[in-house]
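Naming follows writing order (A, B, C and D), and every chain is counted from residue 1.
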């Protein structure tokens, strides 16, 4: 089958490579002519302008746009003008599903199908395939089936879920038509929300292990901070790299994210050079807002998001307010007070 | 009535002053002879040794120990040896109620009454009185009633709770016998747990107000961090000092902690000079552990405690783990990447 | 000064009464003729139609709309059509500040001023006054000053914040022009977010006190649930009504919400008849979404919101998933297993 | 090598089977003679009393105790009396690591080695092996190496972590000597704490997907609860069973817990018959308490624990307090109010 790819960053390029390996024909375009040339040298049909790109595709066209979410709207609009009724435009990036809902409605007026695809797979996708969460009109999605099947990881060596029988369902091969336009990115959004939660669970747990030697280090604690009450129970010098590796085998928390954690700690056991300022992309935020909208509790997902904000000092004014309140009420200064009776008495709230 | 006070830090000294103003007799002792001399010059009976202190009290003695929690055990033991059956020793500091339970049991064997009193009132206690949460044997606590009544704030100008009639109950005067030994500090512990939660609610809310101008400042946001989606809704330059003052009148969140917040922001509107490293004393921790022990949810109280930990960078290793995981999976570096298509594509998880 | 009031529910009617008491002239309208008649009998000028209402007001008109947020848009539009350039329309309800931003922009095109006012004061507002958070164009808000001053609580008996001197600022009298259109409801939104957090802090703390007798009740615990480890520390039978009353005097958590808690527990100490299904209005949700938008952590405010969702069983599917996972992995059934060695062994994860 | 096993519940019996398959000799004992007979029929050496059991083991003995944590102390004491200096007693259950620290100290006085082993593997351990987290004295743990290697899963088909070379480390085979006595159960405790967090992340995320149709169901919402603001964005009818299956392939959240979730939803897509009352064993609680002790934030782990408490209605009194406060302040009843402008106006807090 033929696919047009707009945006040849790492993910776009690797999807093209994965498709060509499996015999699909790819027409490619990027603002960077070098990127186009590189893919063309690997067998893709390069295009030197949007018009050229569209002309090189045979109808009904399938155009996959793989660019940063912030630019997607503009690019989709630009290419939609060049497309014809019956063509399909795919947003494979990280768009907000709300944008999908709106875009799909608008493009439907022109007779153009809009398909949103959330992809997970990171830097490993080329080899392992990408998990694809798809939203869009039935017919358009069905037509893309050969493409999706190739991009997806396939069944792999993963054990079949008990109770599943007969022919493999698409979801067992790593792709799924989740619902109408927006459903793909909605599922991907929640996927990332969960990812944040899992990452935070590992990070918090490893931090506790990392501090299991608090009873040895205790002298450093100041008078203003509650001292460790039973230092005899925190005398462990745990090797978090080894523990992460250990849990990969036979433990119920074994997972891809744990594999990555073990790899990271093997490479850099003390995580030197990392400041711990953790970025977030939009999905974690949208997930929390969706939970709030539909009125379901998501304390773990929200906490994991807020931890990232706090890691970037976005809690600064809040913490200053706390210090200021403490000072007003108890006369507590931020710096360790002294060691007199006074110090303790002053703590009386 | 007569009371002996051990520990003449700010709180101990002010309790003595409040008692003397109301005609009670106070025998005082501290390791600092100067502190003793100062109170003696205001009318207290000074003692120059524990033995002297005990000798100057008439039986059944009432000895109030007002020193840092970390020293209380030692001092209580020291004075208990000098006391006689029927005497009462009071721990007015911030002890863990579990220590009370143990101490009370041990002292009961010697016939000595142990009374634990949680006090709230901060630097304002001398004028306003201290809220007293009392645990201990009935008879011993009853005998202390005149003392407690004086130290407590009294009914003040606070409106009577609808449905309460007749003679004022002790709790309406600001002191309460909450239960057996440990109950006083248990209630004080939960009080402080609640305090942490309330403080955090204000701090978080004010931080949102403080950032209500995010739409104006937006340019500063980097590519790695989700951009503000609808900057037109965050164009407010809110004066948090004025808002805190405003809420003091007629709003349902009016409270003493808000009064203090307004005072702090009036004094220092930008909270200059505060690093936002927020200390915690033991009670917040003990409250969360008590919630865990009895199996009741306390997400707000726990979150407020954890925010303080995070304010002191105790989340550092956890955040480094998160950054390391992101790097493994998506090739994300911690620093803002660039602006190419690549940058966005790389974010695809 | 003259004010027109649309919507004579409890709050609208009480604001009118408070204004009339202070000598202002009020023109009133409601779809319920009875409500109009009642206020008219108290001295207001009743109107029997929107047109009549507008005609009875002298320009530049000030029209206060005090109706449910869901209807506000429609009513504002309806009256705006009858108003003239220079007139002002006030939304005193609980609108989302985002609606204000949009409405203000639209009405500005017609030359009509839009002022959004968040009010706090509940059922006590008639007597105590309402705390007013105001957003809108400078000139329009200034013109309303006499009205706002009357509706607000005034300085009352509340102690002046240290450092404030000279003439009383509006915020010291309980009203504040917070910024352009939307700023009033934005501040009110955060106010309510904080309110949720404070309420939750009290509720969680009182729940811990309520369960401080867990060591006495312990027998009831089943094999599937972690038993109380040190029952000797949970032997307290705490009277939460008395404790709430106690904390009202001299304690740092004294507050209006505590006053209300004490009143509620005095009236109904066991809270009989309350199912504990806690509603939420929009502000708590909007606050969390605003925090997410601007990227500041709000774990306490979010947790308090999520607790309300969970109180209404919106966590049901999530909990079923947890039970289902536990069953898959450990063979745990939801009901207490038995007491054999097996039971324990089965718990090995 | 020879091992004695006390406690032949599912896990104890399966560990014995796994050992025998690999050629180790097992002496077995249980209070149930039937359990002993069953294992004996499979090749184990059965013992009919503790004394008989000890006599059948050759020194230095290795005795693995695999019974519920609540009984472990008693049984360890009982067998320790029969053992000789140089023997080793292993607690393979779910003990609190604090008990290990104390027991190890006590047994060391008798010259007996105490080794604590946390095991993960659930009902799958017999076939897949158990992940073993080991604490104890170096020499004693080294002597157990052949046993541990057999019980552990081995390297399996799991890809080697980049950077690891040469001979396989024990942690790559699924067992690790984590540190002195207590370290094994400490690491297992944190493992389970993380497990709770991951489970909650999945459960919350799936709950959001489950409610992605809120815009379709919206009519059911009452006046007291904030209505869904933009129903057009919640029109998805997501099949959570299919999505769970999908994510197993290629997605970054692929994990054993997801496999189990997919299996559970495949078996019972609507989770019929599950009440969603989620039990918790001690480790989740101990993890949160450890985090509090060492002063590191663990909001995700704590939230996941609290969700379980709330699933069992342990938040009941807290929620009643919230309802009571709302009633006092705003006159809100718990039941949907309904009617008229009044309803909305009453919400004005």
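Following the convention adopted for this analysis, a contact is a pair of C-beta atoms (placed from the backbone, for glycine too) under 8 Å apart; a residue touches a chain by one contact, two chains touch by 3 or more.
Just so it is clear, the model here is predicted, and its values are computed rather than measured.
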Reference chain B; chain at largest CA-centroid distance: A
Centre-of-Cα separation between chain C and chain A, whole angstrom: 35
Between chain D and chain A, distance of the C-alpha-averaged centres to the nearest whole Å: 27
Inter-chain centre distance, chain C versus chain D - centres from mean C-alpha coordinates, in Å: 40
Multi-partner residues of chain A (each touching 2 or more other chains): 120-122, 195, 200, 202, 204, 206-207, 211, 225-226, 229, 252, 257, 263, 280, 285, 293, 295-299, 303, 306-307, 310, 312, 314-315, 318, 329, 349
Graph class of chain-chain contacts, one of line, ring, star, complete, other: complete
Chain B residues within the chain A interface of the complex: 7-12, 30-32, 66-71, 93-94, 96, 119-124, 192, 195, 199-200, 202-204, 206-207, 210-211, 224-227, 229, 257, 260-261, 263-265, 268, 271, 274-282, 285, 299, 303, 307-308, 310-312, 314-332, 334, 340-349
Of chain D, residues touching chain B in the complex: 252, 280, 285, 288-289, 292-293, 295-299, 302-303, 305-307, 309-310, 312, 314-315, 318, 329, 349
In the complex, chain C residues that touch chain B: 97-98, 101, 120-122, 125, 128-131, 133, 152-159, 161-164, 169, 171-176, 178-180, 182-183, 186-187, 190-191, 193-198, 200-202, 204-209, 211-212, 214, 225-226, 228-230, 232-239, 242-243, 245-259, 262-263, 266-267, 287, 290-291, 293-301, 303-304, 306-307
